[in-house]
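When the chains are written out, they are named A, B, C, D and E in that same order, and each has its own residue count from 1.
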Amino acid sequence: MKDLLTFPKGGVHPPAAKHLTAGLAIEVMPVADELDIFVGQHIGAPCTPTVAKGDSVAEGDVIGTVTKGLGTPIHAPVAGKVKAIGAVAHPMRVTAPAITLQTDHEAPARVYTRKDWAGLDRAALLAAINQGGIVGVGGAGFPTHAKLSPPPEAKIDTLILNGAECEPYITADHRQMLEHAAEIVEGARIIMAVLGVSRCHIGIEANKPDAIAAMQKAVRENTVGAGTITVDVLKVKYPQGSEKQLIQSITGRKVPGFALPSAVGVVVHNVSTTKAIFDAVVLGKPLYEKVVTISGKGIRRPANLLVRVGTRLNEIVAYLGGVTPELAKIVFGGPMMGFAASSLEIPVTKTTSSVLFLAEDEIDSTPHSQCIRCGWCLAACPMGLEPKEIAIYVEAGREKDTEPFGVFECFECGCCAYVCPAKRPLVQFIRLAKLRARK
Amino acid sequence: MATDKSNLQLVVNGILNENPIFRLVLSMCPAVGISTTVMNGIMLGVAVLFVQVFSSCTISLVKNWIHPRIRIPTYTLTIATWVTVIDMVLAAYLPEAYAKMGIFVKLIVAFAIITMRLEMFASKENLTHSFWDGVGMGLGFMVGMMAIGFVRELLGLGTILGYDVLGFRPLLFFILPLAGFFCVGLMMGFFNYIETRYKRVKQG
Amino acid sequence: MWTVVACLVPPLVFSVFIFGIRTLIITAVSVVSCVAVEAITQKCLKRPVTVKDGSAVITGMLLAFVIPPGVPLWLPILGSVMAVYVGKHLLGGIGFNIFNPALLGRAFLMASFPVAMTSAWLPPLRDLAIFSYLGTPIDALTTATPLAVLKGQGMAAFTAQFGAAPNVYTDFFLGWRPGCIGETSGLLLVLGGLYLLYRGYITWHIPVTVLATIALLTRVAGGDPLLAVLAGGALLGAFFMANDYVTSPTSKMAQLIYGVGVGALTVLIRLKGGYPEGICYAILLMNPLSPVLDRWFKPKRFAPLQGGAKK
Amino acid sequence: MHRLTMLMRALAVLTLALLLPVLAQADGLIAGKSFGNDREIVVTFKAPVDQAVFADPAHYLVYEESDPDIRLELADVRLDSTGKIAFLGFKEPLNTTRPHVVSMIDLPAAVTGRTVETFRVAKPYLGYLLSILVSALLINNFVFTKYLGLCVFFGTSKRRDTAKGMGVTFTIVMVVSALMSWFFYQFVMKPHGLDFLQIVVFIGLVSLTVQAVDTILRKVNPVLFNAFGVYLVLVIANCVIIAVPLIMANNEYNFLETFMLALGAGGGFLLALYMMASVRERMELARVPKSFKGVPIAFIVAGQFALAFLGFSGLSLF
Amino acid sequence: MKDISTIIFRLTLTCLVAALIMGGSFIVTNRAKQHNQQVNEQKVMLSLLGYSAAKPAPASLALHPVYRYLVTEQDVQTLGYLVPVAGGATDAFALVTIALDGKFVARHDLRLAPEKAEQAKERLQAVQTAVGSGKTIQYADQTIIVTDNGQRQAYLLPGEFPGFKTFVKVILALDPGFTVLGLEIMEHEEDPGLGGEIVQDYFKNQFRGKPYEALKKLGVVKEPLPDEYRGALEAGKTGRLGPEEVARIQEQYKDHDIYALTGATISSRSVTNGVKGIVKKFAYRIAFLDRVLAEQRIVVPF
């Protein structure tokens, strides 16, 4: 048997736990009464609100724009009234400024119709994407139009669609690929047109055979533009979906430290982002809805929900029948890289792909002990770093000396912490090191 | 700069506050290498005392005459002279003790403590003060050596100064040369501990 | 950690069969004193008492495993103070010891009680009389280890005492020979090691390189490679001591070099040194090199930053 | 792996150096000779020899070079299957530290043209030199088994870079000063009976070397000077440096032996410093009990090193 | 410039003063050192012969050193013995050269003050002048022949041999029949607690009383030392056993092999082999020397 594509160094095999939601179709959640839309939904400068308290807005209206620096606008997910502009609980920071909307349940839902994009040139396509407020929904939230405008010296030849979805539990991309395969492929065509590349790979982990089949079918049926699109089956290994690892798995190219993928002629987009690009360009629908996997033994009814950006967690919990008594921890994002949520008031953002309600037996709460230098973290780290050393230096209060160990190359995939036999919170140590070493 | 300390204070200072072995951590080689018995400690201590006192006095006497640019060579020469003298004296009159101390008598010449005292003290002070400071430092070294020797001889041979105290040999380990590392380390740690306790008690 | 303890139990049981119940008592004394020293030290330093993690138990067992079965019963107590207090907790507790604590304890005992540590060997019993050696004065029973015979008296005396080639291999592999408490049964040690390998607790790098180097160099020097591996503590050392996490390097390349170093030093000490068995000192001598090796052979970075990090 | 290639190269050079004396011995009938075990001398012939002559103990006379009147009793002489190697077995163990003389007498003249073939069996001199080097480097490491140079050892072993610089500086100064001391000792002090001035002269030469290295380095390579200059001052007041010429004088070493001793001592010091420094860098991160922080724990670690170095005790390489 | 001249001047003066001090103390101490060394060596030798402060040696006892040299002329090697000549001046010495097979070769008379004879360098010079140039002289060893009223009492043999680690230096005392009177370990570097135990009475006194015949075949056994024997060996230290008792026990064990030190068989074996070697070589050579001296009618004080 031919070996499946993968990256050579490091990686772990955490239990996938995707069965909870993999079979559940995307379910549209009813619109909540109040929504909190953070003004900063992406990397770069946060938006400046273009509405004031008391203003009425329609669904899809721009409510914030970026005037200076990197950014993309935010849109009203619902029709309604601006109730407040102020600080709201945030999954990563404690609080962040946000626009709170009062939903007008009476207003009719906006209808989008298909437009032909074949005649549009590159600039027009980019403008459409920017106006759609598209960010990379799978990861950090990098504004997509910026990513699609690589520096002129970079010779881009390959587009990679990331459908690996290597984090346990999460099935949002999986469902998107199953249910919107055609849209994703068309989105890919749009991106290829923008970048002017003729090759596109769609990387999907081997544990999603149905998605692979659906995508292959969609690729066969779509003949809109030029160029080839292939579906690449990837070995199941975390963090297969990390940008650099994915590029290495598929193309064998190595992205140097801190460089963007464009340095090796590659652009990577998440499949859900591609779907959003399709929505924005073909339907003219901005990004204000998001498929979020709600999973874990701590929630009564796990689901893949299509929710409006800004929907608070407690609304979702209420919709899904509440939490179970076993609930021990709520995590924004996947179990490996996610952040523990401190409150149920936190709203969903453009980049939220899952919220996990984990029970006691799904997390490890044993206290950590001293490092015994077993070196397992070295073997697991896909970046070839030495997490144990960084952690020991941090414990000794010498964060400044961690730079030689490559602390800034770490993308916090959590492999090291996952394999650590002493249960050391290595990712937290590294975050601390980054924070203090930067000062 | 003349010191305002009395002679007694100078001696006590050398033994306690600025003990060459435990506080200044200088001249550690013999403290590890040949501190196996109290007697060895006394012997080498006497040699160091001799060299220290004579060098201090010599330098103190001629301090105004030494050209500042050849300060260090002069010190070295002075120390080397007195070391040679004591080396020859010991070899002639105490051959057994000399054999035990081996190369360490000659190596007194490289003891940082003596050069340091000459530079910091004797070259600035008058004869009496230098003499007493030399006595203090020499005694401090001797006391340090004796303390280590005491522990090692008692634990290693069960004797003190050759007299059978315990009646048996508890642990051969302590008279092995390498045990000096452990003894010095543990004793230093112990003294640090006592000091912190003492300070804490004093503060209330 | 407890898995390692479990892997060490069968060799212990076997040693009770061949050297009598005495070995069990020595091991028990050693384990209890190691645990006690750890608990007392941690109490005194006002740190959480972590005896439950099993590391002190392993140290205690390994310490007992590398001393001869005929030593006085109080001997391991002194060794455990050196191993656990001086070797481990003074240096900052688990994870920061530079040397393998058990071997440090053994080296200390070797230096302090050279006579007991080099001559208190017992001839193996073949009749399951496990209470045999309890009352008899040990002096009257002492024998010599195979390696000591080989080194001191040569191959002829060795064959006279232990038998000729094919039989002696089986005997030694099964463990019918004088030796340290835990080192005799090659079979059980290999099984334990393989189990640890299978469970992924250890990797092959260190044990394989250690054993291969020992065998190869012994062959080059004109000795019997199989005997070199079976007759001493090579198997115990390779599987349970050389790859102690804390004191061995972490990156694979460094581990290979470390293993070769341990093997080479073992053979060097055995053939040219002052002791019949060298693996204990070989490991101790390589231990302080593991931080150096780790620095020299860092894992290959995925994408190192050129010219240092800037941010 | 740049380091690995360097290592391989060093190993290759070393092996070649060890092989050279073996290759160089070729004279007459005998291709090589050496001590086997402590009751055996092994003689290798260039060509297969006659069993009847060369396996007969009566044809051999063996004595220690210093005792030519006392013949050593041969037990037997064996030839191996190729007929090229003879094993001379003795009744009593040999003192292999001393050179022995083997005379093969009453040989049939047809074999070599001579009836007597006399040769000397001794441990190779290169081996002896190397054993001085290895002894000073490892077996009798100045820091861990001779307890010398401890002040500087503890003072400068906090960081690896410092340790490296210090070790290299030490080695250079040691070698230069030891060789100068050797000249002085052999050609000035010994002939004039000035042995008792050892201490003064040696320390003077050490200071001179330090001063010279300082001046030369400052002129020739200012970068290196900035890196090493700071250590130079520390070098004078150190017993390792002065101990080398003293040992040299005590053992009456010749020039090469002195060089090996100094190199080994310096290398051993560098090794000890470097290992200690890398260990101490690790110790800095450890939660050492408060009273033991700093120097006391360094002492205890050094003691543990010394325990490990006991493994080298009794090691005789050549 | 003036600075430099002052520096040089002062440094020279300092050096001169230092040299004066050191030279002065050298002259004072050197004599004492040599004297003390001799006294010390003599004390050890006398104690090996059974004399001590309590039982001083009689005035009639005399120690006569005999030095052996290797004399090489081209390829021919001979042994040269430097012996004192009796009768007449105290500075009369003779160098008797003997061929390897024991035949007399030559006699060279020389004059050498006894205290100079003790100085290795001066002695060598004297011997070299005596044999004339063209021959190389190499010092080999020294034997001290003890006489009492002209009667041979004992031989004292300083020697050295390899131990487990480095050299072991000993002085061995033999009676005229080559029975060992005593063994003293002068220097060694064996491991403390293991091979270092060779200096203990219970080991080194085992050699006492071994007759030459037993010595030739002497081996080492790894059996534990019998308590009774140990008591006798340590009699000098503990004083528990009377002299007759000690003599009886020593008689009993006189043909027994040496009991090895526990854990230090190699050291025990090296000492045993070393002692054996010294005695055998000496017994071989003294016979030739005595015969030659008798044949050539060289009158010696022993």
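FYI, contacts are C-beta pairs under 8 Å (C-beta built on N, C-alpha and C of every residue); 3 or more make two chains touch, one makes a residue touch a chain.
Computed from a predicted model, the values in this text were never measured in an experiment.
With steps allowed only between chains in touch, the distance from subunit C over to subunit D comes to 1. Seen from the C-alpha centroid of subunit A, the farthest chain centroid is that of E.
The interface holding more C-beta pairs in contact, when A-C is weighed against D-E, is A-C.
Innermost chain of the displayed assembly, by C-alpha centre distance to the whole-protein C-alpha centre, is C. With centres set at the average Cα position, the gap from subunit A to subunit E is 91 Å. One inter-chain figure worth recording: subunit A and subunit D are separated by 65 Å, centre to centre, where each centre is the mean of the chain's CA atoms.
If you average the CA atoms of subunit B and of subunit D, the two centres end up 33 Å from each other. Taking the mean of the C-alpha atoms as each chain's centre, subunit C and subunit E sit 47 Å apart.
Contact with two or more other chains is made by residues 86, 90, 93, 95-96, 108, 111, 114, 274 of subunit C.
Residue positions 392 of subunit A are each in touch with at least two other chains.
Chain contacts: subunit B has residues 73, 77, 80-81, 84, 88, 172, 176, 178, 182, 189 touching two or more partner chains.
Interchain contacts (touch definition given at top) occur between A-C, A-D, B-C, B-D, B-E, C-D, C-E, D-E. By the touch rule above, subunit B contacts subunit D in their complex via residues 25-29, 31-33, 72-73, 76-77, 80-81, 83-84, 87-88, 103, 106-107, 109-112, 115, 177-182, 184-186, 188-190, 192-193, 196.
Residues 78, 86, 90, 108, 111-114 of subunit C are the ones touching subunit B in the complex. Taken in their complex, subunit E has these residues touching subunit D: 18-19, 22, 26, 30, 70, 77, 79, 100-102, 138, 140, 161-162, 164-165, 191, 273, 276-277, 281, 284-285.
On the side of subunit C, the complex with subunit D involves touching residues 45, 47, 86-87, 89-93, 95-96, 98-99, 104, 107-108, 110-111, 154, 253, 265, 268-269, 272-275, 278, 280-282, 284-285, 287-289, 291-292, 295-296. Taken together, the subunit B residues at the contact with subunit C in this complex read 171-173, 176, 178, 182, 189.
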